[in-house]
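What follows is chain A paired twice: with chain B in the first complex and chain C in the second.
Our next item is the complex of A and B:
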């Protein structure tokens, strides 16, 4: 038997198609790991044994008929804020404890149609406010070969960077948000966390589709194959390195590792250019304002009547307040209050409107850069451990929020290790719909940096 | 933050705090407001009218589609003596 911890989506596809293992056996192996390790790691909020084994059985029938797709029979975990019909989706919140959605999210429909085996729901901070770290834990600890996370200000990328994985935030609109519990609608995106850029490309091929139930989704109108740049190298690609991302907010260890990675890509034929992205100075504040305002609006629906926990009170108004007091955690309440602060009449222009103007300037600056570059290379995380994020939240966001605000695709991959052994992530941001190019560059780097992941098949 | 402003925000947010809770919460809220203060940044606000954070695709036709079955829609309500509990909506 092979070590499933080392397997990628691609290698498992080959093993399933060669009949080295059946989909049921593979599912059972991952479930065994999940049950053994979840009590300590708490990566999954829910393990769905029965549904997973039934899906694996169905997938094996497809494999036996020779009609398998890229993800048929391959297990996955998905964030607990993505709706799954008949399976509890609590969004990490007491407000939705025990909530069973009556429908599947758009991405879940696509995964099920592709024969994917859903192993469980990855635990998240309340409404994914703090990110998708457990999605990263699930993949890095061998619960599943990949997971679907959600990225508002960098959650997928930070999770991947913390756990030595590859995480992709696709272009805003690539993936349907139908059935994703909304936090900040103009920023939320679903994306894969996996072991390689190639796996992310394979997964993106399956989950990018226009969905008329999400008016902002455009999917993959050109039927682009996101694996088209895999194993093609980086010769001729223009990579811009912005000086603002290598400031004092970033540790020397991280700077050294990311700049060394840039040199490695240069040696492979990429052209490096030093640039400046001045507007990023305000990105964390702009993100905080817009994200909180949208969150205040989206979370207003939780009133104890239509959704979630129901409080008590003498009348309707009191009942709503009691429901929200008891259902929401402290940080969510702070974001709702701050969101309403920036949306209130006397602050609207000074905060909310100004943040939108600054956001449009950030987007314009990126558009200008991409006239002369194919990729922007930056660190993913300045130098904070997951533990530090609660107290230095905004510093942690600094490296990731600009791409979110501009709606651009961004992939992170491991480019080095700190002295304490923790991985360092580098981010490759592309122009709108430029996923194939950034995945090509990330793949090129991974083949040099982690050759053991590419040697088996 | 003034007490009156805090009360207004609580009302808009449909939340309430005891006096003890409010003291600590206001401090944390103030720190967020201080962090996000962009008032001093000068920028041309005339462009605000033209900006679009997201672009919309073609909207689907506004036609009636089959609804989810009632038993699915009511699956999260609490059955009580063969009926469903709907809270009082009017004061």
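Our next item is the complex of A and C:
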């Protein structure tokens, strides 16, 4: 028998197709791990045994008929802000406690059609606003070989980096947002967290599709195969290394590991160039303003009238204040307050409008860089000390927000370890729709740095 | 000191689309509460707006007939405010780049400039039940396609404002953009009004919200002119206010002042990409606009020979004009149909017995009735009685036929052209009235009327007056 903790989507596919294990057995094994460890780790908000086993049984029929796809019979966890029909989707909020959506999100439909086995809902910070990396726990602890996360300012990438995994934020519009409870609509994207870049590419092949119910989605119009760069090396790829991401705002350990990884890629034939992304210093503030403004508006629907917790009060105004006061946690309230502040009549031009203009400049600067480069290489997490983070809170995610603001694809993979043993992630950002290229480079690095992931198959 | 009122209007018109503006729910009026809403227009988490292309077509038509510029690029904004009839807690509207700008509409020789027309979604409806401590929400109307027509402050009297609203209503009906049915809330109006001495800068403005009949627009403006005049003349300061009109008292009352005004925190809606329209797309849409009232007016006066005044009344309302034209298909005598329409039909409408939007008879039956009268099948004087019967019988319901043919049959109104009968009746009249006959034959012409009356009484509904007269004259000569 094999150790499911070590398995990738790719390796499980081979085992299922070779009948080394059935989809039901595989599902049962992952469920067992989940039940054993979830009380301590609380990685899943909900484990859906019955639905999972039923899906596994159906998947096995496909496998037996020889009509399995890349994800048929392979279990997964999805974030609890992604709607699942008939299954509680509470978005990590008291406000939506017990909410059972009457519909599946676009990605869930695609996964179900592909024969995927959904094991449960991954626990998230309230409406995914907190930005804690815990959505990586389910994969790193062996609850599932991959999960679908959501990335607004970098949640997928930070989660993957913290837990030594590979996480992909696709180009904005690749994945339907239909059925994703919105945090910041112009920034939200769903993406995979897995063990390898190859797995991410396999999953992206299944979940990127234009959805008539999301006007901002375009899917995969060229029917591109995102695994096309897998195992192809990096010869001739132009990798740009921007100095702003190796400043004092990043710990020395992280800098050293990422630069070492850059050298590894250079040895494999990539061309490295030092560049500067001048707008980087504004990105975190711009993200904070736009993200909070959109969140304030998106979360306004939770007023206790149609949804969730209904407070008490003499009139509508009192009732709504009580509903929201009791239904939302402090991080959400902070964002809503700040978002409404930057949108208010007297502050709009000074904050929101400026952020809007700066965002266009960030996009323009990235467009310019990608005329002469295929990939931008940066750290994923700045790894500042607790003290630094408390005083420079917005710097915590400064490495990831630029790609979000520019709508660009970005993959993170493990490139080293700190003295305390925790992994260090490096991010590879690509041009619009350049997923295949960044996955190619990440895959090349992984095969050198983590050969054990590519063991038998 | 003479005070001049200055009036600007914001007219909300519901578009005649089959589905709502950002989801596929039915946009039909009515329905049992909350039967016409889905996860989308109820703001379930994760649902997203998909723009209804038909709504874009209709607003372009509205803009074209009001001489607006149609923007090649338009975008949507969120207007954020909490209210229980607004499930998303924001209304999707257009703030920065509306579809139509810089138009104008002429009414009674006066030009009113249109600042802009934009597309937005309607809100639901709250039902306040006085007997309970709850309010009920009906979201059927939520997400319906609405356009807002914003004028410049170019009107100065209640009459001008009302004439403008009537004109807009007629234009929207003709362009197949809006039903114009104010009683169903398909057309609603906000009035901005201020008073100032002639030549002085504009005064402090009041906005009167949500007027849903032309009559209440007139009454609200009149009252507001009175209220603001009183205040100015008594040196009481006016404050910028949003007011409501009370139909029962005929007065306006304050709803909120500027200090309490909402800060709507408009910002571009990230869920809806900007819409780009090419010149040829816009032209293709404009080409589908149906015949407008000016063209019909010209046709009525030039081809049909209808007087200018009558043509104006007929074309002012598309429903009436359409009815007139349908009746012509049954009986192609425009002058006759016009005369009966403007007298008898409109009389019943004005008396409130029937409504133009839901007449109890078809245009074909109406045309047939006029045909009977004008081709001497029945006496013309009987036409209005038949019309009354057509209305009453339908109102009474049941299985009694309300067709003009059956009614005329039952009432014995059809003129039998039996000349033998006419002659024998007249012979009888002559025999029974020897003295008047002798007088007539002696040259006393005035007794003819008496004899004619006797014959007509006997022959009621059996012969036309022309035949009776002709036969009587013939017999008296002998």
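Criterion: the second predicted complex is superposed on the first by the 446 of 457 C-alpha atoms of A that agree within 3 Å, B and C clash if a C-alpha of one lies under 4 Å from a C-alpha of the other, contacts with A are read in each partner's own complex, and residues count from 1 in each chain.
Definition applied: a contact is a pair of C-beta atoms (placed from the backbone, for glycine too) under 8 Å apart; a residue touches a chain by one contact, two chains touch by 3 or more.
Fair warning: this is a prediction, and the values are worked out from it, not measured in the lab.
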Partner chain in contact with A:177 - chain B first, chain C second, else both or neither: second
Which of chain B and chain C A:264 touches, first, second, both or neither: neither
Dominant toucher of chain A (residue count), chain B or chain C: B
First, second, both or neither for A:450, with chain B first and chain C second: neither
Touched partner set for A:316, first chain B, second chain C, both or neither: both
Touched partner set for A:91, first chain B, second chain C, both or neither: second
Partner chain(s) touched by A:215 [first = chain B, second = chain C, both, neither]: both
First (chain B), second (chain C), both or neither touched by A:305: both
Touching partner for A:249 - first (chain B), second (chain C), both, neither: neither
Common interface positions of chain A, toward chain B and toward chain C: 99, 102-103, 185-186, 212-213, 215-216, 296, 300, 303, 305, 307, 316, 320, 340, 344, 356
Interfacial residue positions of chain A with respect to chain C in the complex: 82-83, 89, 91, 96, 99, 101-103, 105, 177-182, 184-186, 212-216, 293-294, 296-297, 300-301, 303, 305-307, 316, 320, 340, 343-345, 348, 352, 356
Residue ranges of chain B touching chain A (in the complex, touch as defined): 8-10, 12-16, 25, 28-29, 32-33, 35-39, 41, 43-45, 47-48, 51, 53-57, 59-60, 68, 72-73, 75-76, 87-91
Parts of chain A lying in touch with chain B, wherever the complex brings them together: 98-100, 102-103, 172-173, 185-186, 210, 212-213, 215-218, 282, 285-286, 288-290, 292, 296, 300, 303-305, 307, 310, 315-317, 319-321, 324-325, 328, 330, 333-334, 336-338, 340-342, 344, 349-351, 353-361, 394, 407
Contact set on chain C toward chain A in their complex: 39, 42-51, 78, 80, 82-84, 87-90, 137, 263, 265-268, 270-273
